[in-house]
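Both complexes shown next keep chain A, but they swap its partner, so chain B is in the first and chain C is in the second.
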Partner chain A sequence: MEPLKLPPIDYAALLPMLILFGAACAGVLLEVLVPRRARNIAQLSLSLLAIVAALVAVIMERGTRTITIGGAVAVDGPTLFLQGSILVLGGVSMLLIGERSIERGGVFVSQAAVTVGSQKDMKQAGGQPGATEVYPLATFALGGMLLFVAANDLLTMFVALEVFSLPLYLLCALARRRRLLSQEAALKYFLLGSYASAFFLFGVAFIYGFAGGIQLSVVHDAVANPQRSQVLLYVGLGMVAIGLLFKAALAPFHVWTPDVYQGAPTPVTAFMAACTKVAAFGALLRVLYVAFEGVRWDFQPVLGSIAVLTMFTGAILAVTQTDLKRLLAYSSIANAGYLMVGVLALNDEGLSSTMFYLVAYGFSVLAAFAIISLVRDSDGEATHLSRWAGIGRKSPLLAGVFTLILLAFAGIPLTSGFTSKFAVFGAAFEGGQTWLVIFGVVTSMLLAFPYLRVVVLMWLSEPGESTPAVSIPGFLTSAVLALGLLVTVGLGVAPAPLIELTREAAQFVR
Partner chain B sequence: MDLAVEFAPATGVLSNIWLLVAIPLASAAILLLLGKRADKWGHWLGVASVAASFVLGLIFFLNLSGLDPERRSAELSLWDFIVVGRLNVDFGLLFDPLAGVFVLLITGVGSLIHLYAVGYMEHDPGRRKFFAYFNLFVSAMLLLVLGNNYVMLYFGWEGVGLASYLLISFWYTKPSAATAGKKAFLMNRVGDAGLAIGIFLMFTELGSTQYDEVFNGVDSLAAGTILVMGVLLLLGACGKSGQFPLQAWLPDAMEGPTPVSALIHAATMVTAGVYLIARSNPIFSANTTLQLIVVSVGALTLLMGCLIGAAKDDIKRVLAWSTVSQIGYMFLGVGLGGGAYALAIIHLLAHGFFKANMFLGAGSVMHGMHDQVDIRRFGGLRKHMKITYFTFATGWLAIIGIPPLSGFFSKEPIIAAAFEREVAWQGWVFGTAALLGAGLTAFYMTRLFVLTFHGPARWTEDNQHPHESPAIMTIPLILLAAGSVGAGFLMSTSVPNWLTPVFGEQQAAPHGVLGDSGHTIVTVLSLLVTVLGAGLAWALFRNGTATEPQPAGVLVTAARRNLYTDAFNEAVFERPGIYLTRALVFLDNRGIDGLVNGLAAGVGGGSGRLRRLQTGFVRSYALSMLTGAMLVVGAFLAIQLGWLA
Partner chain C sequence: MFADFPFLSILTLLPLVGAAVVAFIPRSKAQLAKLVALGWSLVVLVLSVFMWAAFTIDGDRFQFRESYTWIPAWGANFTFAADGIALVMLMLIAILFPVVILASWNDVDQSTRSAPAYFALLLSFEFTMIGVFAAADVFLFYVFFEIMLIPMYFIIGSFGSGQKQYAAVKFFLYSLVGGLFMLASVIGLWVLGGHTFDFTELAKSTAAIDQNTARWLFLGFFVAFAIKAPFFPFHTWLPDSGGAAPAGAAALLVGVMDKVGTFGILRYCLSLFPEASRWFAPTAMILAVIGIIYAALLAVGQNDLKRLVSYTSIAHFGFIGIGIFAFTTQAGTGAVLYMVNHGLATGLLFIVVGMFVARRGSSLVSDFGGAGKLVPVLAGVLFFAGLASLALPGTAPFVSEFLVLIGTFSTNKGYAVVATIGIVLAAAYVLWMIQRTTQGTLNPALAELPAMSKDITLREKAVVAPLIVLLLVLGFYPKPVIDVINPAVQATMQDVGAKDPVPTVEAGGKVGG
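Moving on, here comes the complex of A and B:
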């Protein structure tokens, strides 16, 4: 029997993930070791430190193009760019998660296991400090995402998927206010997520049956030179795609999104909207570009139809939403459709423009949710649209920032929304997917309506009795807002440096 | 005659001609930006800036006259204004003999009227703003005459239009003033659109809008193109100069303060059309049909102005219609072409003096009569305002053309030139029209003069104490009166030679329909009709007139109603325009909005229905995912099995 050989491991290339996983484990330990009063600051510092360290590691590895641990992990341009993006966006979301000054004890509940509505629950609602486990959980999720975009075989990808999904399910359940809604959201997310994971895993099995291997390069070779029935390939491709489309929230696998976005604590929603999206599309890009590029003519129309369906679903359903978080959820669904348009260009431009879009959208959406977390009344966030009437008269600065973000979502020039949409549509046009561009532009027009309705509501309506007060943002939220605004405008006015960066990174290793 | 037009570059002192435009513009900007802080001294800055421009203009003029006649021009290119593809518009100025006389007229008469306005507007709270607009006007007008290409001209053209609009509706709280401003603006737009299209045509046909390149390229154009281009320019000229068919705004423009009427709507801006045609003389001279059209417009307008002027009772409106009529003479002149270009410019200069003089005189009368404007309610004012009386008298004698006042030297040659058409019927028609116009002018101006200053006092308001205006108003009057008296003779001898570099050397005029001694005959005839008209008016109105409108015959009624031109405009343009607007609004509301709203309702309805799919139950979500999964996998299989391929 051949002795088991340890495959060579490039630790430097894996360093960002190792740092995060290590920090997450250390975070769990901190829960035990650090006294309760100091826990929050200690945990926040640890997570931020880990994120910064991982980011430094990513930057130091910027030239690396390698496949390591026996072909399980690929560290290449897209991996490093997406890891960097996830880390930056994750760091910004971590600021939101760490915000404690807006609500006593923070937006997270201290003991999620207590029955809702019980006497104990009443007591803890009064302002006991929120659970600090959110930091290690979020750090685990971030580590999983880093691995997800780097995974070079389908099983590693599945493991990474679970690694970042499970903490997210938990995080969703931790809202201090409206806990039932939050728990319901978490349960829904968990059930449907598991369901989708099952599809993914089943698909991996089919692919293995077809290609005799799970490494993306092996699949690629098998697609180019099929040895077994192609039914296996197509069923496998379809099911793997479903698992990824679920995470990316593409119709008809988007159904969880509005409920979860609404129920989850707003910082977690922001985290999901920004980072999960990057991770999901990162993996989707890698799978489609590296493994299945050979059957592009077959999956382009199918996934294209899904993109169109997604754009229409997001845009049309956004029109009648009355809750801001749900509205942003549908907007995020529609944006997933636009990202898919970029993905389906299936050329270098498509890769780079999708990555650009992910960063641009991530920053805008973080700022948007940061603003939502500021408009509150005694019951917590006032997310019903009617409560936002005339808020521009009361807090012009906040309403102004939100208007700008909404204009970016609507794709108005001089904002990142315009440049990023332009980039993906341009790439799809180059890639011969003009029909997707047409649908993209049509739905963009539809989608402008719900955004502008909010703008009109904020500025042109008289503030009513029920218009809630706007909290003064704490330092962390202010930082998020400032960053979001800066990037949204910066990428709108001078997108060239980032586009250049994405172009340089737009080459997968196989 | 060498056709090639070539301008010499500006050198020495002349390279500072941009100051002419910049000084009033800077003053306007200061007055507008400083706001109330400049209220105390703003008007003096306004006067000083125009006076400074006049002094500079005089220096430049003397410098220019020192140049060799062959190279008597100064072209100054400041910067590239518009560079797009083939279009290259220079922000450039041109100071040549034609621009020179205009600069002197604008800044000279302008300074006097600015000075007058200091007194006239003394009690108006908006005096500073008035002077800001007034300076803006002077600046734009100077740019108009100084530009070295048609785009610069258009720039100034729109600038004076803006200033005119602002100043007509200066007392914008008065509905009639606001309406008059709007009317002037709209009618000018019609003309401006013509001018703009004319310039576009120039660019497409000749690839340039620079004067020299356009003029040198005219020879290469087809006759039809020249005709169209000329008619478009003429439309612009008619709009700005209040010529038929765009004359209706000018009399209404008298709603503005009197100095505005004097400077903008008598002496300078309204003559911009004449300037445009004179400046474009290579285009207009190149096509006889075009010239015939210009002459016809001029002749028609001059008669129209006289007829209506004879029937009006508002002192400023009479003067306004007389302006329309006198500009008709100028159009007649520039339309006749050849030597008459210079005659038209001379008449323009002379008119600038005597008409500004009379307008300011009218302002002085109104000043002393509590803003009364109805000449039937004046009378006997000569005893009360001696200076105004004498200065107005010089203007009156000048406009009706009594030698040796300026009008005689400027108008009579135009009448003579009209008889000298090569085509006989044209000579008779236009000559007779011009001659008839002279008689009518004498009639209505004498009527105006006699009713205002002579005869019994018919003042209707109590406590009327007519008094002479202050010195700040009478001094400009005296200076302008001096110009009305003396300028004509000077100009008729020296200006034609001076303008030769612009209009070219003229051959001896052909003998017209009146034969060799035509000139003498015309002189005698025109003096005769003038004396006849004036005498008739004097006889009729020596003893005053009723203070209320009297029933009148068909012609007078028609003239009182502006020969029904307003009614015509209303019936032919305004009403259909309103109907068109309503139809478009209807189409927009029902058609386009309906479509848009229907689409929106459809999206909203679809959204509402789709929303129900989002039940909140995990089971239905899972079902929807399963359906999706089956569809996706099914689609892949269908492709693989070739069902969809």
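Moving on, here comes the complex of A and C:
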């Protein structure tokens, strides 16, 4: 028997992931070695440094188009672009996670058994700046996402899925206030996420049975020239899709989203809304475009119906929400629907516009959650809509920024929300999916209402007694807000450079 | 003279810069903010006058063309160009804004809201208005079409009266819904028209779009414009918005912003989708005629002055509508002239009504009565504005209404005849409104109000004088404006493939219409 040979490994192409995983491991060690007082700053610097280094590595590799480690990882245009986006968005969310000046001790719980606001809690919070294990956890998650969008076989994809999901489950449970809500959210996310992972894995098994391999290119060839029963293919594709649609929060696999978005600590919510979305859609794009392109006529109507259902679910339920975090959760579901419209264009335009949308939406949603973390009273964040009445009079700057972000969500021109919607709808129209464009436009009309309601509350209502104070944002949150605003307006007014970039990147290797 | 000067881009950006400057003036220096805003809008007016002078009547259809690259991947450019129709609308904007700013001088003083913010919003609204008429790139047009909602939304919502929140949200949602229909059409047009947004190129390439698709695309545009104008049955937002907005802003709302709808139909629906326009014309005519009669009847029954004026405006838009869809140069020219004259007349009417409302503190007709005894000059101005609004011969609206009706009569006799009933109803609602507010016995509650004893002030005279002069001048000598409009309308009618009815020679040898 031939001795087992190590496949050639392109370390340079893998460098971004290696850096992040290395930094995450180092972060675990730092937790042991560094004294408590210095831990927060050390961990934050380490993770930011790692993200910047990984980003530099991605940029250095920008010309690489290769498949490495025995076909497990593909580094191509979409991979590099999505990895870059995840790193940038992840870096920005890391700033939010690192914010400790808004609330003493930060938003993460340092010891679950201590009652919130008790003397002991206060003492602890004053001395120890929160739980610092969130940084390595978040770094692990980021590393997993980088691998997820690069995975070129279904098993690597599954491993990456677990690598980034497990830290997220944990992070969701770490809210310092409203702990029950947070723990319930984490449990819900974990259980449903596990089901979804199981579906995914089961689906991979079917596909293996159909294609005789798990590499996307092998699946592609088998789809083009089927040797075995197509039932295996359809069942497998359906189950893999369920796993991916769950992460991307498409209806009817979206039910976890509002609860998790509401219960998780706001920086983690922001992290999930921005980065997980990029990762999930990145993998979905690769699976559909690379492996299953041959059966596009079969899955296009099914996934198209799912997109329509998602847009309607998100838009209609957003109208009825009274809690801002839940409202944004439903809006993110609707946005997942719009992203799906771009994905289903199934042409180069679809790929590039979806990637454009992911970046644009990520920055807006980060800024939105950053603002939510600022409006608080003695019980923590005041997320009930009624509490935001008249906040425009008390802090016009904050309300102004939020208004702009909401207008971007509503797709008003000169914001990134408009250009990105235009891009995906244009791509879908070109791809012959006019019906999706029409439903997209109709749901945009519905969705404008909840956003507008918040704008009305903030500016046109008189401030009530219960209107909470707005915290002065710390340096880190200010940076997030400034960046989010800059990108939201920048991509609305001058989207050309990013469009060019996504177009250059829009070619998968097989 | 000045033909190469980049008029349109500077005109567009100037108010935006002004808005930024005014917004940064602190609240304590409200007077300074007002002066800067007024000065700024006057600079825009002066520049517009120069542009008018530089426009060559026999020249190209589109003049002052400028184009700057924006999003090359989509073929979207900052392209500005004006034909005669856009030019007269830009002139109307340039005239109305300083007038409205002066008219709104004290509107915000009594409220808790910030005066610099109000005037900054007015200037940013001027920016979006100039942009939407100056754009010659469909993408750019769409951008301005949507963002114009934002300043007006805050003007109504923050500075209005009555049910202002409801009105602001209704206004925003109605317009946004129309805008999104248009977005779908814009995307379709872009993909099928060869990935370009340039108006002149699109006008050439749309002929290749198949008939059915073109009709759907046409409908997307039409719905957006019909909501904006507004035409029956998309009109219900206007009385609410017009009733809730501050009087000056309401004058802009019906005087300028609603014209975007009719302008859009002329420029985009007719020129880009000629076949679909001919197909839809009968329906549009019916809607327009219903609008004339229905809105006029509702106006007769109104007890709120501002809502009443809003309804008259809907009726007038019906006339503009039949003028456009009659597809004759005469009616088309009349419709465009109507857009200008309606801006002046209804603008004046709204502003004068605003002066009454500011004195009385109420906009209900029943709260007035015999006001002419207290403020005779102001009542006289109201009377004049009302007469202009009902198109009395000698005032400018008469010319345009007459042109529309005879132009329509030559191709669509029935509609023209029914529309004439609207003129009778116009006399009814205007005269009855004036009779109930300024004539008759003096309402005792009115006499007790110290504000009502103050007749028209110097500032108010300065506000109404330019509009009255213009209404009279254009009533007797509309030629300069018609000369500018006519070539553009002829070009549009050519696009739509309409031929003017040829005069026939009757037996007696006389030439008849």
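The rule is simple: the second predicted complex is superposed on the first by the 493 of 510 C-alpha atoms of A that agree within 3 Å, B and C clash if a C-alpha of one lies under 4 Å from a C-alpha of the other, contacts with A are read in each partner's own complex, and residues count from 1 in each chain.
Note that in this section contacts are C-beta pairs under 8 Å (C-beta built on N, C-alpha and C of every residue); 3 or more make two chains touch, one makes a residue touch a chain.
Being a predicted model, the structure only gives us computed values, none of them experimental.
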{"item": "Which superposed partner A:Leu18 touches (first chain B, second chain C, both, neither)", "value": "neither"}
{"item": "Which superposed partner A:Pro495 touches (first chain B, second chain C, both, neither)", "value": "second"}
{"item": "Chain B versus chain C as contact partner of A:Gln230, first or second or both or neither", "value": "first"}
{"item": "Contacts of A:Leu155 with chain B and chain C, given as first, second, both or neither", "value": "neither"}
{"item": "Touching partner for A:Ala53 - first (chain B), second (chain C), both, neither", "value": "neither"}
{"item": "Partner chain(s) touched by A:Leu407 [first = chain B, second = chain C, both, neither]", "value": "second"}
{"item": "Which of chain B and chain C A:Glu430 touches, first, second, both or neither", "value": "second"}
{"item": "Touched partner set for A:Phe449, first chain B, second chain C, both or neither", "value": "both"}
{"item": "Contacts of A:Trp459 with chain B and chain C, given as first, second, both or neither", "value": "second"}
{"item": "Residues of chain A at both interfaces, chain B in one complex, chain C in the other", "value": "449"}
{"item": "Of chain A, residues touching chain C in the complex", "value": "407, 410-414, 418-419, 422, 425-426, 429-430, 434, 437-438, 441-442, 444-445, 448-449, 452-453, 456, 459-461, 494-496, 499-500, 503"}
{"item": "In the complex, chain C residues that touch chain A", "value": "70-74, 142-143, 146-147, 149-150, 154, 157-158, 164-165, 168-169, 172-173, 176-177, 180-181, 183-184, 187-188, 190-191"}
{"item": "Of all residues in chain B, those that touch chain A in their complex", "value": "600, 603-604, 606-608, 610-611, 614, 616, 618, 621-622, 624-625, 627-629, 631-633, 635-637, 639-640"}
{"item": "Chain A residues touching chain B - in the complex, by the definition given at the top", "value": "187-188, 191-192, 195-196, 199, 230-231, 233-235, 237-239, 241-242, 246, 251-253, 255-256, 258-259, 298-299, 301-302, 305-306, 313, 316-320, 446, 449"}
